[in-house]
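Next come two complexes, and both contain chain A; in the first it sits with chain B, in the second with chain C.
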Partner chain A sequence: MKKYWNIFVNGLLKENPLLVIMIGLCSSLAVTTKVTNGLGMGLAMTFVLLMSEIIISIFRKLIPDSIRIPIFIIVIASFTTIVDLLMQAYLPSLSEAMGVFIPLIVVNCIIMGRVESFASKHGPLESACDALGMGFGYLWVLCGISLVRELLGSGVFFGLQVIPEDSVITFFARAPGGFFVFGMFIAVTKALKNVRANRALAQKSKKTVAQNNGEAAK
Partner chain B sequence: MNDLVKIFIKSWLVDNVILIQFLALCPFIGMTSDTGKATGMGVATSFVMVLATAVTWPLYHFVLQPLGLEFLETLVFILVIAALVQLVEFYLKKSAPALYSSMGVYLALITTNCAILAVTLNSISYGYNFIESIVYALGTACGFLMSMVLMSGIRARLKSAPVPNFVKGTPILFVSAGLLSLAFGGFAGLIK
Partner chain C sequence: MMKEMLKLGFVLAAFAAVACVALALVNNVTAPTIAAVKEEKLYGGFRDVFSDADSFKPVADFEYTSSSAVTVDGIFSVIKGDKVAGVVVQVTGPTYDKATVIVGIDGKKVISGVKILEISDTPGFGQRATEPQFYTQFAGKSATSEFVPKVDFDAISGASITTNGFAAIMKEASAAGLRYLESIGGAE
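Right after this comes the complex of A and B.
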């Protein structure tokens, strides 16, 4: 049980696809002008990732190595088409807002990367955990970015108009703001990582100092 | 003719593929560490982009549409792109080894470049005819190449710039990309 939990948690922060590995960036910047869009995109992506990883890890021993990439692409493209059609049918406004980025899930490097490096080497259950971890890792970053951009760019916070419409900073709702907010997200992640590394280092040096003192006392 | 020029300018500057539409960010961040690399990637991608549009447009209008299989477009287009990349790779390997050795590395990465798939899908959904689609792909390709080269220039400067510790590394890249994108925002309204 612990093993599955570790695989799941790995994707959330330590190997977060967006903030740490930095793949699959396109969709994360383009759709995050609104929280609903970010949420929709994250869920669509998680679904495709989950289904592709499960299917490919079930058939991983049957897929010949030399043509594995085309097979992966076909599997991913099929699930993407399913999501695309479902969203067009049941969530037409969301599907319209995201436009071409739903079919573009096919070429999202996160899916290809995880399928190639994880699902083709592990069992279905582990792959499902990995897919969920990576998917939610992607989802929360998307929600975070879109929360900031929606609040500053159009003054809306969870559907409430917090900042009056004539004093919002449209910069954040437009393309440049996407780059800017994402850059800041990476900077904060890096800073947190540094703090943690420094603390670990300090603890280690304290221990060795204590050890040395102990030996000296002897 | 006028329309074609409009489509070209729009896809090249006004709706710049990287800076305004956020497509193909992976090569934009990953491959712009020096100008040679950026140009190589830009040229290779541009070439495949135009070629892919020239293949997928007839495929959609003469095969998928008559058969009522429009819903398969994503699947078919990505396979066409993957196959095209392979073909171009084989062809270059045989006929132009020098060009292959300088471009080969980038070719493999192009299959998962979302700008190409987006261009082929958009030229269908915008309702362009064949010539317009090609011009649209050409304009997008020029925009891609230009942004890549611009970014590699900025990165060369960043190497010797006193960057605050907090944003060192990738964050400053995104901030400069944001500023570049802000500059491109000035082209909005150029084409009505």
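Right after this comes the complex of A and C.
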């Protein structure tokens, strides 16, 4: 149980696809002008990732090594098309807002990367955990970025206009704002990592100092 | 060697076949809903581009061959009372990806409204054509305009390819609409 939990948590922060591995950035920067877009994109992507990883890990022993990439693409493209059709039929407004980025999930490096490096080597259950972890890792960063961008760029916070329209910072709704907010997210992750590493280092040196003192007292 | 290649080909074909069947099933289920959504949007859009109308009628007996990459998907005559008050033209043309637009033209050869039914450009760039600030600026302009970006209408900043695409779309839609109005001897 612990094993599956660890695989799941891994994608959320420690190996977050966007903040740490830094793959799949183009879609994440482009759609994050609104929280609903971020949410929709994150969920669509998680669905495709989950289904592709499960299917590929089930059939991993039947996939010859030399043609694994085309087979991965077939599987990923099928699920992407399914998501695209379903969204067009039942969520037309969201599908419109995403534009070309839904079909482009096919070439999202996160999916290809995880399928190649994880699902093709692990069982379906572990792969499902990995897909959910990576998917939610992608989802929460997307929601975080779009929350900041929507608040500062269009003054909207969960559908409420909190900043009057003529005093918003349009910069954040445009592409450079996306890069800026994304950079901030990476910086915070990096800072947290550094703090943690320093703390571990300090604890270690404290221990050795204490040891040395103990030896000196003898 | 030959046997190995055949085996690989067979495996690949098997995966592709299963994927095809799955997609065909999903398509069967969603196709009617998607068509309904599109049609609803089209007829809803007619009111937005031509508010002063009683009904809209598809024109079947009118041929228009486009001179550019923009295609005319449909021409609808606008009926008010028992007379034709204008025309709505639906066109699809290349922008950064492509866009489907309806353009209304009244009897005075003035554009009554423009609405984007579908555009698959980049969000944040070409997608900004869907902001009212962009597409509403065409209303009230003459349909005989040359539609030169930045001269006849405001461009979308950072999306010149989309803007140029719209120039071509507007030009073609106007040409088709005017030709139709001419063929029926003008409108009220």
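FYI, the second predicted complex is superposed on the first by the 218 of 218 C-alpha atoms of A that agree within 3 Å, B and C clash if a C-alpha of one lies under 4 Å from a C-alpha of the other, contacts with A are read in each partner's own complex, and residues count from 1 in each chain.
Keep this in mind: a residue touches a chain if its C-beta (ideal position, glycine included) is under 8 Å from a C-beta of that chain, and two chains touch if they have at least 3 such contacts.
Note that the structure is predicted; figures quoted are calculated from it, not measured.
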item: Chain B versus chain C as contact partner of A:T33, first or second or both or neither; value: second
item: Chain B versus chain C as contact partner of A:V100, first or second or both or neither; value: both
item: Touching partner for A:T46 - first (chain B), second (chain C), both, neither; value: neither
item: First, second, both or neither for A:A191, with chain B first and chain C second; value: first
item: Which superposed partner A:S146 touches (first chain B, second chain C, both, neither); value: neither
item: Touched partner set for A:N16, first chain B, second chain C, both or neither; value: neither
item: Contacts of A:R174 with chain B and chain C, given as first, second, both or neither; value: both
item: A:I63 touches, of chain B and chain C: first, second, both or neither?; value: second
item: Which of chain B and chain C A:S127 touches, first, second, both or neither; value: neither
item: Doubly contacted chain A residues - partners chain C and chain B; value: 30, 70, 74, 77-78, 81, 85, 100, 174-175, 178
item: Interfacial residue positions of chain B with respect to chain A in the complex; value: 19-26, 29, 71-75, 78-79, 82, 111-114, 117-118, 121-122, 125, 166-167, 169-175, 177-179, 181-182, 184-185
item: List of chain C residues in touch with chain A within their complex; value: 7-8, 11-12, 15-16, 19, 22-23, 26-27, 29-30, 33-34, 37, 41, 97, 118-125, 127, 158
item: Residue numbers on chain A that touch chain B, as the complex places them; value: 22-27, 29-30, 69-70, 73-74, 77-78, 80-81, 84-85, 100, 103-104, 106-109, 112, 171, 174-180, 182-184, 186-187, 190-191
item: Residues of chain A that touch chain C when the two form their complex; value: 30-31, 33, 37, 62-64, 66-67, 70-71, 74-75, 77-78, 81-82, 85-86, 88-90, 92, 96-101, 173-175, 178
